[in-house]
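By letter and in written order, the chains are A, B and C; residue numbering begins at 1 in each of them.
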Amino acid sequence: MFELKIDNAKYWRDCVESIVSLIDEGSFNISKEGISLKAMDPSGISMVSFFMPSKAFSKFEVEKATSIGLNIENLGKVLSRARDDEVLVMKDADSKLLIEFIGKGVRRRYKLPLIDVRKNVDKEPNVQFDANVEVAGEPLKEIIKDANLISSYISFKAAKDSFTITAHGDSGELEEVHEPDGNIIKRLEAQKAAEATFNLEYLENMVKSCPVGNSITMSLRSNEPIKMSYNIGDAVITYYLAPYMES
Amino acid sequence: MFELKIDNAKYWRDCVESIVSLIDEGSFNISKEGISLKAMDPSGISMVSFFMPSKAFSKFEVEKATSIGLNIENLGKVLSRARDDEVLVMKDADSKLLIEFIGKGVRRRYKLPLIDVRKNVDKEPNVQFDANVEVAGEPLKEIIKDANLISSYISFKAAKDSFTITAHGDSGELEEVHEPDGNIIKRLEAQKAAEATFNLEYLENMVKSCPVGNSITMSLRSNEPIKMSYNIGDAVITYYLAPYMES
Amino acid sequence: MFELKIDNAKYWRDCVESIVSLIDEGSFNISKEGISLKAMDPSGISMVSFFMPSKAFSKFEVEKATSIGLNIENLGKVLSRARDDEVLVMKDADSKLLIEFIGKGVRRRYKLPLIDVRKNVDKEPNVQFDANVEVAGEPLKEIIKDANLISSYISFKAAKDSFTITAHGDSGELEEVHEPDGNIIKRLEAQKAAEATFNLEYLENMVKSCPVGNSITMSLRSNEPIKMSYNIGDAVITYYLAPYMES
């Protein structure tokens, strides 16, 4: 038995969009601390870890810690129907998730079936990262588009004084050198130079829900998975993506 | 012989768009009272009835009542070419419909062939409706999208104190309860509760030409066709749609 | 060895877009006077001639006149990545074209391979035109859309006092008569009436890069190619298109 209430339905929609960009189904864990989800994408090369603290809700009642498996894609579609100024309530009802949008003079109730999630994921990859780069979200989205012109892969290289992006393809090459001037690169810490190559399509999905004006923190270690993380209000979304190894 | 003139070509375009959303061909009847069209959609489950009074025109000359059969889809495309501040003239010329857009220093004349319309429709369905609901147009468009997430059909239920929408599908259920608070439901009169289910694609086409800010009046009787009607300036568009009977 | 610098990267992007709308590959000739390109479209029925004077660049260094063959489509895609307030530098480097976008704290360098252009074009068609019509760019784009409703071809007729557009098709006819009132038709000079028919798809591609507010000059002679030309800042783009001969 649980009942969660958010004063701004569109905020919860934005949170779920950050999950659905990689994941089609998963289990939300609801406990006194808040609501969380860990899941791998169907291909198994990326992972999502989401957490939203109970304080982000105007009502957060949960009898005992519980887990609800959902088709996240359907959940995202239902939440896309949120209107301005609507309050959202989520609760369990007859083995379904009841999603109620409450506006002026109208209650809209969707019921979604609970599902058995095939694969549950408990822990995040354990990598000792060598470098952390904090990049403004909008420019990072543009950088990914820059590389997309040329290739399906992008290489990130974090060094002491610069963050470099490269991409290679039949139609040309790209090299972008960024200095940490506080404009695009907000922060750059590299104990050791770190370089790795990643699939652009996954990266694109990982950055796209970053709210305008927010920064994205990337953690790198040569030829290891990248960790990417940003805030959506009080919630935190973290992604991991395995490196691409050129054969 | 007729000659009709409208000072705002885009207004007539909007009127024809409300017809073309369901109908691909039909006959306009032009008489002293105005211009009207009644037609069934090709599948025969819906009907359009349009009327625009002669006073909506700045010139309305018609010798004797006449009927012109047109490919309404082509007519709609031609009218989509209306520019701001253009006057529109329609007249008959050599068994064609001459459509003239008159702007500054330019006359653009389209001629459309007249066609024999296969099926003419004279009268509207005769239903003794039990309930009338007046709904603001924009929210009704959103309600239809709400249901579209879940199903291809929507059920409307008008009762004394509430107007309820339901939809059911494999991915979930929707129930929306609206009170007639004057915000979304402008008016609700139900002599008797009335409930019926309709195809969403047709409903979507029926509401889409409703001008922003206008209301749509729906008349219902259990398991009978729905009547939907709204104004476009001085013109009135009315649609009928047969109910969907679950087998 | 050359190095060209433009203070507004998006300006050069706009210039290249005017070429890429018809041409997929071609050779730029770089000489002290400026940069130019002449190329035929793959079908051979149209031609592009582009010229941008050296004064349009903030730096224009060229040791000796040189020619660089490029996949113009790829060049266009790279230039589409220009951001606001970026400076653009183009130079040769290791048999590639280096395109450098310089913004605040970031240098983005694309390298594009040089290619052997299959067919080089040296001269423009030699036609003694009978009429010149200068038309505002935006209305001309609309005129082309007007005709597109009805046909894949459009006829232009320039006479002493009027410029007339016609199109014919199964779904109807169009006739537009424009007087040279300075509004849409800025200038009309016809020593002799000139009339010819052209493919609309090509015309559409030819007019689409005309900057908002600019005029397009068309030169006509009956059943001869049309010449169309407009300015993009200091650059001039000229197109030729063979007439369509109804069989």
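In the analysis below, contacts are C-beta pairs under 8 Å (C-beta built on N, C-alpha and C of every residue); 3 or more make two chains touch, one makes a residue touch a chain.
The structure displayed is predicted, hence computed values, not measured ones.
Chemist: Taking all residue numbers at the chain A to chain B contact, is the shared part over half or under half, that is, same or different?
Modeler: Different; most numbers are used by only one of chain A and chain B.
Chemist: Rotation angle for the CA superposition of chain B on chain C, to the nearest 5°?
Modeler: 120
Chemist: Taking each chain's centre as the mean of its CA atoms, how far is chain A from chain B in angstrom?
Modeler: Taking the average C-alpha coordinate of chain A and of chain B, the gap between them is 44 Å.
Chemist: Where in chain A do residues touch two or more other chains at once?
Modeler: As it turns out, chain A has no residue touching two or more other chains.
Chemist: Would you tell me which residues of chain A are touching chain B in their complex?
Modeler: Going through chain A, the ones touching chain B are 71, 74, 77-78, 81, 83, 96, 104-113.
Chemist: Okay, in this complex, where on chain A does chain C touch?
Modeler: 142, 145-146, 149-150, 171-179, 181, 183-185
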